[in-house]
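Heads up, there are several structures right after this.
Shared chain: chain A. Partners: chain B in the first complex, chain C in the second.
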Partner chain A sequence: MIWLDTIVQGILLGGLYALFATGLSLVFGIMRLVNLAHGDMIVLAAYLILVLVMTLGLSPWIAVLIAAPVMFALGWLLQRVVLNRVLGPDILPPLLVTFGLSIAIQNALLEGFSADSRRIPNPELEGASMALGPINVGVMPMLTFASAIVVIVILNRVIYATPLGRSFRATSDDPVTAGLMGVEPMKVFAVATGLAMVVVTIAALYLGTRANFDPAIGPARLIYAFQAVIIGGLGSLWGTLAGGIIIGVAQTLGAAVNPEWQILSGHIAFLVVLLIRPRGLFPRAYD
Partner chain B sequence: MLLQTNSLDAGYGRFRALFGIDIEVAAGECIAIIGANGAGKSTLMRSISGVLPNAPGMILHNGEPIGALSAAAILKRGIAMVPEGRKLFPSLSVEENLLIGGQKRRGSGAWSLQTIYDLFPILREKRALPGTSLSGGQQQMVAIGRALMSNPELLLCDEISLGLAPVVIRDIYAALPRIRETGAAVIVVEQDITQALRVADRVYCLMEGRVTLSGTPDTLTRDAIHDAYFGGHA
Partner chain C sequence: MTPSDTPWRASSKTRAGTFVAILAVAVILIGLVLPGFASRRLIQDLFYILTMLTLAQIWNLLAGYGGLVSVGQQAFVGIGAYALFGAVILGGMDPMLAILLGGVAGLVLAVPMAFFAFRLHGAYFAIGTWVIAEVTRLLVAQWKALGGGTGTSLPRAATSDMIGVAQVAELFDVRTAAARDILAYWIALILAVAVIAGIYGLLRSRMGLALIAVRDNPEAAKSVGVDVRWLKWAVFLIASVATGVTGALIFLQTARISPDAAFAITDWTAYVIFIVVIGGIGTIEGPILGVLVFFLLRNSLADYGSWYLLTLGLIAILAMIFAPKGLWGLISARSGLHLFPIRRRLTGPLPERGEG
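Moving on, here comes the complex of A and B:
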């Protein structure tokens, strides 16, 4: 029964990693931009929620509703003012700029909030659990996983059944021809990054309520997110969820054998998948 | 004048492809642009459609400078392009390819999904398939329909018969009168001179980035066209 419990915990942890990864996957799928500051944006959003909770005395569930549009605006501005200027045939400039952004965000947070680790208070649900057949699972991990599924269903709906999503896909295929259709790629990119930041805010809520965070933990979240995206196959959000689950299960299984093996096991699972399926589990048919 | 180019120079980086091009298109007119490979026909289409930016005054639409506008801004002014090589979006179905063409449509006009499907009935059957899974001729129909969905007053068709079988070319050109009935002006870029002379009100011939001949099809002799196309005897 301990193994079943471990695997369920791993699957639910995968929901958190999928939330980390979905925004990254969306942005990469549309504009081939790898945002190296993605993990730091999650931490930034977590501090934003924390500030709203501490200063206004809000419940974190209300605070996230305020933080999400703020983060959307921040993502939109970041894309319009900075990232659109560095997109081009050369992939190096956006990598350098987002790497710099990552360092800047970490240091700004360090300056503003110190290196002390913090946690978003969530008294109602902290530690709450429910029986699921023979095992007990935490309510927060369950909510995390459910949120990942809801986010992916909504994003897929936007991408495959709305004019905005049509513009996303067309721009991703061929920005020049999309321009001939009246689509302005730079505006589309800004909306996409804004949406990614909304997902980042949801991820931040669970990151910050489930465990402690400090300004330096962003890059590790980026690596888990990146691994989930690659395992799933570029461009598939359900693939990203599968990737998150694989890393989550590998980590909890590794930890069950020896607590020191948790992180290592996730990385090994990533390498094994890459060895067997170099393009990921659900790659796009063309690229 | 609906569209006018004004000593249009254009090129790619340091390479110049067009030298002082002057052409005019009146409302509702059908213009053919002929010329050999590399004559600058596609560069001219890319300049007018905004894919290749120019100095503002080099291209006038209803007398207003549009040379420096983006492709999206030019589409909103009613100039739509069927690009060379069709350029359908592989991630979009046939119907989605058509719909994205109409996403920024100007008011109400003759064209809708229904009227495009009436124009090219085969597309109705294949509407759920990925655009790029169709045959070349059918893809060309999608590309034309996609441009029409914006209800353009000027339609630019770049090499729409390139690489297609003669019978398919005939089907595609059969749509041209229906398009012109809506009042739209059309510029067709063609390497097939016979086809071009059959459909056009006026013809411009380009060679090495310059207009070497222009006139109505009945006034142009075979020899004059031959010289303008391949270079003179002198």
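Moving on, here comes the complex of A and C:
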């Protein structure tokens, strides 16, 4: 029973990692850009929610509704002002720019909020649990997992059944031809990054309410997100969820054996998948 | 002179290049005798500058010439340093000899790392190297004999009895601690010169030509028979050995190690990337200029803590947008200077004109 419990906790943790990874997957799928500051963006959004909750006394669920458009605008601006200028056949400039951004965000947060670890207060649901068959699961982990599924369903709808999604796919396939058809790739990219930042805000809500966070934890979140994307296979959001679950289960199983092995076993699961299926479990995009 | 006397020749010789060669020899000679009259503080600063310059040159070879944007270089610094500590503490080896072991450790780690990371392309390669560096850090933190997660120190006896310390102490009439710093500084100087000369030599060789061809146009390079895969392996392994040696040297000087310090992505990769980007990627001059700018910024902003890193991050972003070739790129474009000429230029029967 303890193993079943561990595995269920791992699956639910995978929902959180899938939320971290979805934004990364979306941006990569559309513009072949890997945002090395992705993890730090999640932490930034968590601080934004924290500030809204602390200064305005809002519930975190309301705060996220205010934070999401702010993060959308931030993502849109970042893409228009900075990232669009460095996109191109050479992968080095966007990598280095987002790496610089990662260091800048971490240290700006450090300056603004100190290195103390913080948590978004969530008195109603903190510690609440419910029975799921023979085992008890936390309400927050369940909500996280459900949110991951909802986010992926909505994003898939947007991508495959709306004009916006059509322009995403067209730009992803061939920006030049898409341009001839009246799609402006640079505008599409900005909307995509904005959308990714909305997902980041949702991920930040769960990151910040479930555990403590501080300005330095972004890079580790980026790594989990990246692993989920690679395991799942590029371009498949459901694959990303599967990747998140694999990392989550590997981590909780590792932690059950020896707490020091939690992170390590997640990394090793990633390397094993990379060894057996270098293109991930459900590859869709070719790149 | 009749045209037939001077046949067409492809040469990479420039006037500035010759001048720099003479200047470099002078700088190296001054650097070698410097401990005779410089303060210990200056020697320590120069040690830091030289080791960062070495790491920057190596990363520049990987990313600027080899197209391998690694964000996992801290893995090699860390493993090199731990190899030195392991050999000295557990094996009783002389620290001077153990520095070389750092290079061996780098090579041993590089083979599996390349095996995994080369399955990933472009940006994913970058994060892949980072993951493997993290795995290495977590594994090393399990090495209880070397202090596990908290780390350990080199025994004082080992570092003061190290080869050469007594002679240096006698030569400059200083205490053993200062003599150790001088010795470490000399090795750092020799290492930096060797790495720069090695990279310069490599770039002028057939292999360097192939590297630059691949960087500029991989398809065209393949079509004329360049083996891209082999080339990437070769560059990666060379860089790993050199980084391992540098890591061992850095932590020999510190004499204290912990997994977090030895595998720090900020210290051994972020700073290094900023140095290269600000100075100018894809040139040998760039990192040299970059490390000086980096050090000046560090000294002037040292009291502001995180503002310093924030500024560095923003400067790197601005550099990448407005001056993708860095400071050296700006200078070189204005003046046409090439201090380390690697491009072959055609010189022939026409009367030679001075080249910058």
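As a convention for this text, the second predicted complex is superposed on the first by the 284 of 287 C-alpha atoms of A that agree within 3 Å, B and C clash if a C-alpha of one lies under 4 Å from a C-alpha of the other, contacts with A are read in each partner's own complex, and residues count from 1 in each chain.
The rule is short, and it goes like this: contacts are C-beta pairs under 8 Å (C-beta built on N, C-alpha and C of every residue); 3 or more make two chains touch, one makes a residue touch a chain.
In this text, all values refer to a predicted model and were calculated from it rather than measured experimentally.
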First (chain B), second (chain C), both or neither touched by A:L180: first
Touching partner for A:P163 - first (chain B), second (chain C), both, neither: first
First, second, both or neither for A:L96, with chain B first and chain C second: second
Touched partner set for A:S172, first chain B, second chain C, both or neither: first
Which of chain B and chain C A:E260 touches, first, second, both or neither: second
Broader residue contact with chain A after superposition on the shared chain, chain B or chain C: C
Partner chain in contact with A:L33 - chain B first, chain C second, else both or neither: second
On chain A, the residue positions that both chain B and chain C contact, one per complex: none
Partner chain A, residues of chain B touching it in the complex: 49-51, 70-72, 75-76, 80-81, 83, 87, 89-92, 96, 99-101, 103-104, 146-147, 150
Touch list for chain A against partner chain B, complex: 163, 166-167, 169-170, 172-174, 176-184, 286
Chain A residues within the chain C interface of the complex: 28, 32-34, 36, 82, 85-86, 91-97, 99-108, 110-111, 219, 222-223, 226-227, 230, 260, 263-264, 267-268, 270-271, 274-275, 278, 287
Chain A-facing residues of chain C, complex: 63, 69, 71, 116, 119-124, 126-128, 130-132, 134-135, 138-139, 141-142, 265-266, 270, 273-274, 277, 281, 305-310, 312-317, 320-321, 324
